[in-house]
Structure formats: C-alpha cells, structure tokens
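Structures for review follow.
After this come two complexes, each holding chain A, first together with chain B and then together with chain C.
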Partner chain A sequence: MRSWKNVSGRAREVIAQRCGTLVRLLLCCACLLSVPVSHSDAQSGGSGARQAVAIVVNPHSTVSNLSFEELRRIFLGQQQFWADRSKITLLVRAPVAPERAVVLDQIYRMDEDQFRQYWIGKMFRAEIAGGPKIVYSSDMAMNLVGAIPGSIAFVLASAVTPNTKVLRIDGKLPSDAGYPLK
Partner chain B sequence: MRKPAWLAEVIVQSIAVTVSILLALWVDQWKQRRAARELATESMSNFVTEIRQNEARVDDILLYHEGLRSILQQAEKSHAIRTQAEFQSSIGIDGLRPPFLLQTAWQTATLTGALTHLDYETVRVLSLTYTLQDRFREDSRAGFQSIMQTSNFKPGDADLAVRSADNYLREVVTSENDLHATYEQAEQVLSSKLTAMGVAQKTDSAHTPPPPQPTPGQ
Partner chain C sequence: MRKPLAVAIAFTCLAFAPRAHAQDTTSTQPAPQAMPAMPVVRAMLFGDATYLATDRKIPAGFQLGQMVGHVIVSFNDRLNYFGEFSATAQPTGYAFEVERSILRYDFSDAVKVSVGRYHTPVGYWNTAFHHGTWLQTTVSRPEMIKFGSQLIPTHFVGAFAEGNLPSEQLGLQYMAGVGNGRGSVISRAGDAGDVNGNRAWTLALSARPAALFGMQVGADYYHDRVSETAGPQATERISSAYVAWQRERPEFIAEYAMIDHTPATGGATTHNHAGYVQLAYRLTGAARQWKPYVRAERTTIGRGDVIFAPLDLGYDGGIAGVRYDFTSFAALKAEYRRERFETHDWSNGAYVQASFTVPDLGGGDHNPAQP
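Take a look at the complex of A and B:
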C-alpha cells in the first residue's frame, strides 16, 4: 500500500477533489433527509396524500349541493339559516383530527388560535347566539347530524356511513376529481 | 294710617324671591324626572336586547341538547358505552354544559337605581325572568357536576353515567323550554311598554330568519 508521502502531487489533488465531492454529496443527502414532514402528511400519517373531507347534513335537509363560497359562509357563521328558514346547527370536530385540519386550512383559512378568536369576536359583537358545537368523533358527528334538524358537519369521506346525506360541493362528491376539500 | 312705602317693596321682593325659588325647584324636579325617564327607557331597551340575546342562546343550544339526548337514549338501550373514554368520544362533556346567559342589564339596572324608576309590573316581570334564569344556572351546575363522578364509571360499564347524563339533559331541555317561553313573555311586555313610551326598537336581524323569498310569478 502506498503511503500518502509516496503519492504524487497531482494524484493528491484528484483524491482531494473526489473526497470533497463525496463529502458535499453526503451533506446534501443529510439535508434532504432532515426536511420536516408537512403538517398534512403528519396528519395523514405521513402517507403524503390528504384524505377527502365529506360535508354531511341532516337526512331531511332539502339541500343537496352548495358552492364553495356558500359552504364558507355557513362555516363562518355568516349564514345562520337555510333557505327554508330552519336554523343551521354547525358541528365542528374537536382538535386534533385530520378532517379538522383540512377544514381549518381550506374553508376557514385560519390556524387554531385565529379560529378561536374569530368565534369569540362574533359572540362578543352579538353576531351569533353561540359558536359551533363540538363533536369528538366521526360517529358522534354522524349521530348528531342525523338527530338535529338543519345540522351540518364534516367527516373523513372514508368514515361516511350508507344512510348519511353527503353534500356536493361545486357539484362534486368527495370521490370526484377536483373536489375542493382534500 | 298710611302704609309706609317700604312695605310694598318688601312684599313685592318677597313674592319675587318665593316665585324664583319655586321656579328653580320646579325646573330641578323637571330635570330629575327627565333624567329618570331617560334612565328607565335606556334600561328597558337594554333589558329587551339582553332578553333577545339570551333567548337566541337558549334556542341555539336547545336543538343540540335534544340531539344529544337522543344519542344517550340509544346508548342506554344498546349499552354501547362502557368506559369514560367511550363516553367522551360519543357524547363529550362540554356539550352538556348549559348556555351562558347574560345578566348584565339586571346588574346595571340594580347598581344605577334604574329599577326604582320602572313601574311595578315591569319590575315584577324582570324579577321573575332573572330569578328563573338564576335557578336554571344553579340547577344545571349541580347536575353537570354529578355526571362525571368516578362512581358513575364501573370497570367495563358506564350505564350509570349514561343514565345520569340522560336525566340531567332531560331536566335541562325542560328548563330551556321554560326559559324560552319566559323570555318570549318578558319581551312582549317590555316591547309593548317601550312602544307606549314612543321608543323605537331595533330589530335583532342576527338571530331571526330572513323573510321568505317570494316565489317566481308572485
């Protein structure tokens, strides 16, 4: 084995360059591996794909389709009655849940603190009688939606049961391409 | 005997001073009555606003409590809830809380003395309304605390907690319906008195459904 002293100067330069390249390559790999997983990926267990969120209503509701803007108005408490003048009861999943993350991101466009402050402000200005009602599981959400006339809730599309009424949003169901709540 | 000249002057001045004092007292009384009337009007308007807000809060929570009751009744029949965690997941404890009802108008009227300027019937109606509200709050608080007692959850069996929550909600829903009826009556009495006093009232559009849309062709 040749010792470092016996290696010619030119050879030393080549070896040093290749070592440097190798070190830079290793550093790049280390940086890529340390990139944090996105929030939505964390919510969906790191699968990289967000699950669709279905909007469900009471089975006796006459509404079958809402535009995204109408849905937003309802969820923001700006519309408190359906067209048939029945009261809208908004059911919101408690933290932490993947469907809540999607709704906060896509519909409310707020984080948790902003969401809380938003409803406190509306109550303080007497614009609403009460905030959204909290549900603690998909089963609770669907049971309550079935029991409360005029209620609306959201669950993961995979949790929808056969006798639950799912709304179309902009004409699309959760399984359709281009569904806005994913 | 002729009366001295100064006597007439004294009499005139005495009368003038007396009339001035009486006039000042009358003006002062008029100002106090006007201030009292304004305080009473403002107080009654505040009561109407607060009663409407409380009525809206009761209406808002009533449907939700009735929905929770139906879930509890199903759970009681099926014995589906066995642990505290399942109870929390199926019912949740926060939803069982009664609505937060305002009483700032009553406290303000008491502290400012506005109640002394209201007529007997109005004070009677308000006193009844806020007494019922206080009783609802006290009864709800006591019932709520009894639901989540550890003794209600036996290993693998939460029937006692479910039954306790169902009984509690039954009482709460009944009380909420009673409160709603009381608020309606109180609002009618106060609104008619304000109308009789010539006070314009704001309509509470935030908590009332919009008017029905005319159908095409009408």
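Take a look at the complex of A and C:
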C-alpha cells in the first residue's frame, strides 16, 4: 500500500480536486435536504399560499350552512344523516391531493395512518357499514356530488363547478376572511 | 381444522365477488342513484402471532392468536348486517366462534335498533378493540376483559337501541339493550336462550366533547341474574366508567368496573373491583413508527363472593412495551409483563407479537385504505 508521501505532485492535485468536488457535492446535498419545504408549497406546486377548500353538497340539499363542529361530526362519521333524515354519503379525495391534506389537518387532525386506522376502527366497532367513498379527482367529486342526493365532498375552491352547492362553514364562504379550511 | 379453512375460503370469495351496485364506479361517470340495487358486501380480517416466554406454568413458545373475519353487508342505506367470526388455536384444534352477528336498522342518528350477538357495552376496551389485536396498542387485553373473561360478560345476545342524543358540544351517545345475560357457563353469553328466565339489561352513556377533540368518557350499568350450572345463583350489577384520550400523543385509557353480587338465597352483597390505566405515546419525526406504552391493572374479589371467590380472579399486574408499526396495517409489539394471580407468586413474562389487519377486502370505492 502506497503512502501519501510516495504519491507524485500531479496525482496529489488530482486527488485533492476530486475530493474537493466530492465535498462540494455532499455539501450541496446536505443543503438541499436541510432546506425546509413548506407544506403549502409542496401541495400547491410552489404556487404560494394554500388554497381554500370548499365543502360542496348536492344542489338540491336544503343545507346551506354548517358549524365547524357539525362538519367535523359528519366527516368523522358521527353524524350519518341530514336533518331531513336522508343518508349522508361522504366523499373523500384519495391521498396526495392538497385538499385532502387540509381536511386531514384541520378537520380530522390526523395523519394518513391515523386516518386509516380511524375508519378501520369504526367499521370494526360496527359504527358504520363502510368508510368514505374515495374519489380520485375534483371532477369525480363534483360529478358524484351532483348525482348523489345527500352527498358531501371537499374540493379546492377553484375547482367548484355550477352543478353543486358550496356550504358556508360557521357562516363563511371559502372567499371570506376567517374561513376555517385554508 | 376444516371449519376455519371453509371460513377463509368464504371470506376470499366474498372479497373478490363481483359487486353489482350503482356506486361502484371509479370513472367520472355520475352514479344514477345513491344506493345500490344489490347488497354491498365488505370484509375485513384481523390476525396475530405471538411468542411468549414466562415463568408461569402455562404453555409458552409460539402461539397463533385469533384469526378474526368481519363481514359487513349493506342491504340498503339503513339496513346493515355486521358479522364477526373467529378461529382460535386450541390444544386440540381450532375453535370456531360467532363473535358478533348484528342486524341493524338505522332510523336516524338518534335511533338505531338492532338484534343479535354483541360485545357488551361495559367499559371501553370491550367494544373498542376486543378481537382486533392490531387495533389495540398492547399485545393483549387487560386481564379484566381477557379472552374468555369470567369477570365481565364480554358478549351479549339480545336487542339494542342506540344513537346520538341532542348535544352538539358534548357529543352524547346512548346504548340501551335487553338480552339473555350470562349463560350457564359464566364466561359465555346465553346464545341458545336465557338460562334463568331473567333478562339482562344494560344502559351505556358516552360523551365526545367537541372542546376536547379525541376524548371519550363513558359510564354504564349492567343488570343480570347469574345462574351457573349446578352452582349458586346471584343478582349481578355492574357499574363501570372510563376515560379514553384517543389521540396518540399521548394515548390514555383508564377504566374501572365494580361488579356486585347478591346471592339469590339471601345474604350480603359483595363488591368486586377491577380497573386499569394505560398510557402510550407515539414518537415523532423519524421515530414516528414507535409507540412505547405502560399499563397497570388490578382486580380484587370480595371475600365470600358466591360467583367469583372460587375462580381465582384476583390480579395485580403491570406491563411495559413498545409497538412498531412497520406498515399502515401491521405492527410488531414487544412487551414485558409482571403479574400475580390471587393465590400465586409474582411471575414475569416477555411477549413478542406480530399483528395485522386486511382492511375492507372488497375495498375499492369505500375503502379508506386505498389507494
């Protein structure tokens, strides 16, 4: 094994250069890893602040306002019927969607694992016959809300279409200051 | 051995059976109506395997726990069937059991009526976790509601009314039931009829206060006449209460039950007490899959209790362990247990358990576990 003293000057320069490059690469990686990625940036593709999430129901629904606690009970499956005794059909967006992150954070106060365990537990205890209906796009959510009486869903406020009804939460619409689902 | 196999095959068939209903769409096509024309069948599975080393004189080594299957059938948006079936390893084979079989009609959130076989709503654990080993943080249940419990009537055959009470801020719920009560073997429900003609009844109240999101508190009362085969008869009254903080940072469960027996032949009422306190904490950041826990429990049997005194049910114990969730649906738990049964010395045990669930095997549109 050759010692460092036996290495020629040119070879030492090359080794030093490569080591320097390696160190710089490692430093860059460390910087990238340590840069805090904000939740909202990650969700909105870096477009800025997190968008408001609208709560939408079938356009024929007589409900126009819910308190945040009522909304939470509905989304937790603790309230399964509307005041007119029609059945509530809960539509929940599949993981990764930014509006799902808002709802899990603000309404459920759970992470994905806790959310799954919560619904499995409710089915296990025979409190519900099935978990929420999973939707895979805003279009799918809006179409199903428009078609299923008694359904309720959440979408980004910018994705709301005319065939649904946006609920006020604690008297506020998504565009209002103090709206809770942002 | 054939029965569990048949059950497993039945579950598999149910899981992969075609599900003809209007909502079962993953496209953007709107469903024509809210409810399916045909019953919707869903199924879940729970299972576990445990390695046990102990200085108690009980079989140690590897133990296959209960394989528990759930079948949930929605006939329409109000009528549902909940079935729970277990296969439990025994020295001579597998014991097949109908754990729950409930047909329920939901009139509204305030009134849901049902008939069948239930987990008795006494305390918290018995209805919250029971056969769902994966659902519970620890390796095993508290001793007061252990598998085959004689202390608490864990199952109930009868009818129930349940629902929400008007209380937005308190989140009150009730559950009232009448049924057969304990069978002639007191660890079993009266599945084939009431053994003494005295119906048992129970009333449970619980609250989930909005201001304390994640908190559940409850109290319940259970009344029955106990009639053991060729044994004494006594009136049984169980009063219990619990507090459960269901968020994981921390998780806190405490439950207490007082079981009173008054001999049918006259004599003083005796009081038996049982309870436990469990604390767990889900770690954060890179260690979030880990959840250390501890539990302390005690059962004291009243001197001269006509039902419990001969059964050696007194107990003191403490456990400390850690749970590691290596996926969303499977966990590994390691636990140390120090315990003493009424007439025995203290013993020590170490348990390692793998538990899992297969959620909503029929899955798809209603499956919170997907994609």
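One rule holds for everything that comes next: the second predicted complex is superposed on the first by the 145 of 182 C-alpha atoms of A that agree within 3 Å, B and C clash if a C-alpha of one lies under 4 Å from a C-alpha of the other, contacts with A are read in each partner's own complex, and residues count from 1 in each chain.
Everything that follows uses one rule, which is that contacts are C-beta pairs under 8 Å (C-beta built on N, C-alpha and C of every residue); 3 or more make two chains touch, one makes a residue touch a chain.
Note that this is a predicted model, so its numbers are computed, not measured.
J.: Identify whether chain B and chain C fit side by side or clash on chain A in the overlaid structures.
T.: Clash.
J.: A:R116 in the overlay: touching chain B, chain C, both, or neither? Say first, second, both or neither.
T.: second
J.: Report the partner of chain A that touches more of its residues: chain B or chain C.
T.: C
J.: Looking at A:D176, would you say it contacts chain B, chain C, both, or neither? Reply first, second, both or neither.
T.: In the superposition, A:D176 contacts neither chain B nor chain C.
J.: With both complexes superposed on chain A, which partner does A:K87 reach: first (chain B), second (chain C), both or neither?
T.: A:K87 contacts both chain B and chain C.
J.: Which partner does A:I148 reach: the first (chain B), the second (chain C), both, or neither?
T.: both
J.: Given the touch rule stated above, what does A:K133 touch, chain B (first), chain C (second), both, or neither?
T.: The answer is both, since A:K133 touches chain B and chain C.
J.: With the two structures laid over each other on chain A, which partner does A:F124 touch: chain B (first), chain C (second), both, or neither?
T.: So A:F124 only meets chain C here.
J.: Would you mind checking which of 9-17, 45-53, 117-125 or 189-197 on chain B runs into chain C after superposing?
T.: Stretch flagged for C-alpha clashes with chain C: 45-53.
J.: Share the list of chain A residues that count as touching for chain B in one structure and for chain C in the other.
T.: 80-81, 85, 87, 89, 94, 126, 129-130, 133-134, 136-137, 139-140, 143-144, 147-151
J.: Could you please specify the touching residues of chain B with respect to chain A in the complex?
T.: 53, 56-57, 59-61, 63-64, 66-68, 70-71, 74, 88-92, 94-95, 99, 206-207, 209-210, 212-213
J.: Note which residues of chain C are touching chain A in the complex, please.
T.: Where chain C meets chain A, its residues are 23, 26-35, 40, 42, 44, 46, 70, 72-74, 77-78, 80, 82, 100, 102, 104, 106-109, 127-128, 132, 135, 164, 168-169, 171, 208, 210, 213-214, 247-248, 325, 328-329, 357, 359-360, 364-371.
J.: Hey, which residues of chain A end up touching chain C in the complex?
T.: Within the complex, chain A contacts chain C at residues 67, 69-70, 72-73, 78-81, 85, 87, 89, 92, 94-95, 109, 112-121, 123-126, 129-134, 136-137, 139-140, 143-144, 146-151.
J.: Inside the complex, what are the residues of chain A that reach chain B?
T.: Interface residues on chain A, with respect to chain B: 80-81, 83, 85-87, 89, 94, 126-130, 133-137, 139-140, 143-144, 147-151.
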